[in-house]
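The structure is given below, and queries will be raised subsequently.
Read from first to last, the chains carry the letters A, B, C and D; within each, the first residue is number 1.
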Amino acid sequence: MNTSPVRFGLIGTGRIGQVHAATIAANPDAELTGVADVMVDAARATAQRYGGRATADPVELIRSGDVDAVVIASPTPTHVDLIEAAVEASVPVLCEKPIDLDLARVDALWPQVQAAGVPVALGFNRRFDPAFASVQARVAAGEIGELEQLSIVSRDPSAPPAEYVGVSGGIFRDMSIHDLDMARFFLPDIVEVSATGSQMFDAGARQHGDFDTAVITLRASSGALVSITNSRHSAVGYDQRLEAFGARGMLQVANAPTSLVSLSTASVVEARPPYQEFFLERYAEAYAAEIAAFICRVRGEESASPSYTDGRAALLLADAAQRSAREGIAVPVDLRAGVGSGVS
Amino acid sequence: MNTSPVRFGLIGTGRIGQVHAATIAANPDAELTGVADVMVDAARATAQRYGGRATADPVELIRSGDVDAVVIASPTPTHVDLIEAAVEASVPVLCEKPIDLDLARVDALWPQVQAAGVPVALGFNRRFDPAFASVQARVAAGEIGELEQLSIVSRDPSAPPAEYVGVSGGIFRDMSIHDLDMARFFLPDIVEVSATGSQMFDAGARQHGDFDTAVITLRASSGALVSITNSRHSAVGYDQRLEAFGARGMLQVANAPTSLVSLSTASVVEARPPYQEFFLERYAEAYAAEIAAFICRVRGEESASPSYTDGRAALLLADAAQRSAREGIAVPVDLRAGVGSGVS
Amino acid sequence: MNTSPVRFGLIGTGRIGQVHAATIAANPDAELTGVADVMVDAARATAQRYGGRATADPVELIRSGDVDAVVIASPTPTHVDLIEAAVEASVPVLCEKPIDLDLARVDALWPQVQAAGVPVALGFNRRFDPAFASVQARVAAGEIGELEQLSIVSRDPSAPPAEYVGVSGGIFRDMSIHDLDMARFFLPDIVEVSATGSQMFDAGARQHGDFDTAVITLRASSGALVSITNSRHSAVGYDQRLEAFGARGMLQVANAPTSLVSLSTASVVEARPPYQEFFLERYAEAYAAEIAAFICRVRGEESASPSYTDGRAALLLADAAQRSAREGIAVPVDLRAGVGSGVS
Amino acid sequence: MNTSPVRFGLIGTGRIGQVHAATIAANPDAELTGVADVMVDAARATAQRYGGRATADPVELIRSGDVDAVVIASPTPTHVDLIEAAVEASVPVLCEKPIDLDLARVDALWPQVQAAGVPVALGFNRRFDPAFASVQARVAAGEIGELEQLSIVSRDPSAPPAEYVGVSGGIFRDMSIHDLDMARFFLPDIVEVSATGSQMFDAGARQHGDFDTAVITLRASSGALVSITNSRHSAVGYDQRLEAFGARGMLQVANAPTSLVSLSTASVVEARPPYQEFFLERYAEAYAAEIAAFICRVRGEESASPSYTDGRAALLLADAAQRSAREGIAVPVDLRAGVGSGVS
């Protein structure tokens, strides 16, 4: 298996499924051999474009022997069952976040995942962004001394449809979860979560009792503090910034410009066009690196793929943020205590 | 009094007192006619350089009839008594922050201040910084739509001496108080305070049970959220940034460069020298504008000087931050309820 | 021919030939059907990777009927003969710059090119760079008023081998020619050329009597002035900037950053990693757009491909720059007078 | 004379005279003891504001014994006679540029200046700008290796009145002269001048046969090339940039921002307000440092003040630029040959 391309099955052909299909097709170490979607026409269209056979039944695909690994990009409620099917069939899994909206289900699956010993990786794509990855590596290498504060700004260009908000699990589990994992990329051992949410502009959030605007503060066991700033919209485009502040300096990740051109006139100088629209453009390189890292994991090589327990930890932090925002308390968490515990 | 220069008395000749002396001397609408300091030699040196007579007794100066207004720049514990003396003598006051470390004393003085009707302004100099002031005005004018999030980064270059930490009232009352007032400059009606503090590097903070690293989240009655990031040190120099995020755009205040020069080599490009060292340089223009605004206040003209109740509000928020950080709860506050109430 | 992919023949498989092969292979409207190189093993390796059959004989490929168009990326001395063969065979050509180092040969071929009416495009890839193209379009649309000054900085990362310098035709014909065409992209009608060259650092330039450092000033018929700054090396990486200065404002193209990350410490702030290494990275998008535009040209659709006369004009300006630098005079040119004339 | 303030006489009270008056008044090592202007009311107003007695007769002031040094800020045609009067009276001079529009007059005065041994400094204020001065010092210290190219952009916000253009001596002697001196600040030994001028927008330039747009190329004896880009107007405000390109890196001076604030919206990001309006703001610090350096010169201490021969050299280069632009030739110059020679 070490030199021939990894045969991939793709489950789910929505927006993110398309990204994975294109990424797999473009990677010389991978090929797309199967595509599953309950809407079989969508599966067929994707298979036709990027390769493989189409099926409406993901479990059949997993068990077929046609695939060396699967990418799960179907709706969240299907994730746990599909991971279970995959580990039973000894097929390595790259699953989109979150594992599930219910931590109990995540914990219930854990013994099986652990016993199977099959690679289960979580789709926290931002860890593979060249900018974030390089800052994390430089911080880890001690370039700015001890990390004291980590500030993450993460704002989507516009709020999702109201119906999606209703099933999303709320802003913390749906959107902040990426930032909570990013915090753990730098500071894995988070011990306390405080969050404040607000309804400022989005009718969907109001309708479903969710927040559209939020701030989360995390404390790590080292004492380092993390500040996450979220919004469901951003007039200036996808807003994705990070600042690592250490004892000896600061590393910052700026927004990605869409052009090298700036305009100066009598009224403004050095004005540039807006930032990249959304994650497909902003994180294109990250998705490619994510698949590449997962292939390493599948082949038993060294790999930076985040694990099932990373997926669980991010969900646990999101739950704690939700509770903190609702109850007005700082919520202690214990990520070291293992699955089944953690929120005191 | 409208056209002749305002005769100023200065009380306290430490670092900030020197700034006020120089600023008053340089303002054509003001003159320094008296300087008081318990260390009378220091008073004399300042008077010699910037004008006026020297005295060891500030109350004598206030009551002498030689001054149309006083600036109180003496240690915090003296503020309340000196304000009281000034309003009794009908002498307008510009008092350095905080009014006092004890909210009860601040409230106790209020009826007298209110009854006297003498201008009492608080030294929140950052409101007068051209960058912050322009962003506040542009936000107020609706340039970026409704204000949804305000992010303030405020880091001092290095921690104060341990003995100062012990009497400072803690990071929230001593340092964050400027940022809490800045938050109220944009969003006067704060209704909730959450804070998280940490001891990361400063022996003085550890010794006195204080924090050297902190994050504060405020909620305004509009629902807007404020995020304040504080540190007692910063390797890169004085770090003073602000971002106002609104429905239609974003206004940002960058750190002040010390040079127009950048260096590019084989290893880095566009590298610039460090930021300004500290507040005397960074806020030089702000101090001048603060005195100018206070002169308007003294003359009964329109003025942006923050008031005694602004000083009280910032202290109340600092107290709430302290309580939140200690107890792990979000603290509701009511600034509209008037003096004597506010922390539930 | 309008909907099936254009069948491409590639002549020359060096560094730039590889770029074209990859670009053609990646374009859904194109396919690589033939590769010619006198070193037939190189042709075979390229054909194996990107498609098509290999041959040592480019003329055979042109005449074979297997190709709808050819890209000429072989050494400069072969260009004229190969263009001639292609237009004789009615095969559209995209030819790398320069057409030839000898203007007389370029002019001698012109009647045949003109008579044949076959598209002959020149490989001035920078016209297709998104940044330069957008500035040109915005200037043309009047966004900054009349164009008064155009400043181009163009520095290669490091000097070519001495033997290459000897056959390159000199810095003006080899390197500046891109910038001279860029000038004509904005201001086609150049009427005067002044150039100053210097030998500062490169042993190859000294050995062959060439310059390694140069400044060129052009005057357009509108009166607008163009300033070109060239160097054969640049410690900071590939330096490619442009500034269009007009009556109402200025549009600038900055160097392409390689990362969104910046570092701030006690000695520098906002330092970023070096610029992109060289043209393959910097102009990757431009090469793709160049092929796309040429495909439009082949299909008889609207196209921005620079023409044979654009190629001739750039060479004529390079010759004039060479003469100006050698003789210390401003050289008048007349690009409107047509082939055979032009340098007075 | 070493410790008491230098008693200054100011000749000329126009725009630049006002700057010098204010600068002298603000310098603790200087005092303004006399002000001369043929419009004696103007002299009186200035004297009243900044100190000293007023007179209509500059020569009387020079000879009065009331002044230790004079600043000549009167119209250019008066400079030579006033310098002569000052050196005769052994009064050190700081003279605004240019010494005269006629190189012959400058050379004729030279023997007297040389014989007198009285300090005569030229008002090339930009040498004292902190940014330019620091780049020059860093280049001289070898930070970027050998200097290979120096690029200077210098554009005034708007063209002067037509009548001024008529007596200004032309753009090279009036405006570029500052940039020519800046070139010599880095590369004193210029050996060749090429210039191209154009009439693009200014009616005054057209009326008087002058240029409003120009590019100058200089060659230094080291082989280094200098490129100067000038315009009589700039929609974006005063445009004053410099780039020193060396073997090991690049130092750049950016335009001076007027604010730390940037705006991002759906149509532009990071847009800042226009640059500083004009030289009084941009070079405020430079004027103060210029006077300070001149005081050192007056006191016989080490001083960076540019000399009479620096003033002559800049004028000679301006003359050569004028001739080059008119005649279309590169003009060799020899600044080492001494006064009376230089333009071959």
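Couple of notes before you dig in:
The working rule: a residue touches a chain if its C-beta (ideal position, glycine included) is under 8 Å from a C-beta of that chain, and two chains touch if they have at least 3 such contacts.
Per UniProt, the chains are A, B, C, D = Myo-inositol 2-dehydrogenase/D-chiro-inositol 1-dehydrogenase.
Since this is a predicted model, take the numbers as computed values, not measurements.
Here C-D and B-C were compared by C-beta pairs in contact; the pair with more is C-D.
Seen from the C-alpha centroid of chain A, the farthest chain centroid is that of D.
Chain A and chain C have CA centres that are 42 Å apart. For the pair chain B and chain C, the distance between C-alpha centroids works out to 59 Å. Between the Cα centres of chain C and chain D there is a gap of 41 Å.
In chain D, the positions touching at least two other chains are 144, 235-236, 248-250, 255, 263-266, 270. Of all residues in chain C, those touching chain D in their complex are 144-146, 148-149, 151, 153, 155, 192, 194, 196, 198-201, 213-215, 217, 219, 223-225, 227, 229, 231, 233-236, 245-250, 328-330.
Residues 235-237, 255, 257, 263-275 of chain C touch chain B in their complex. For chain C in complex with chain A, the touching residues are 130-131, 134-135, 138, 143-144, 248-256, 259-266, 270.
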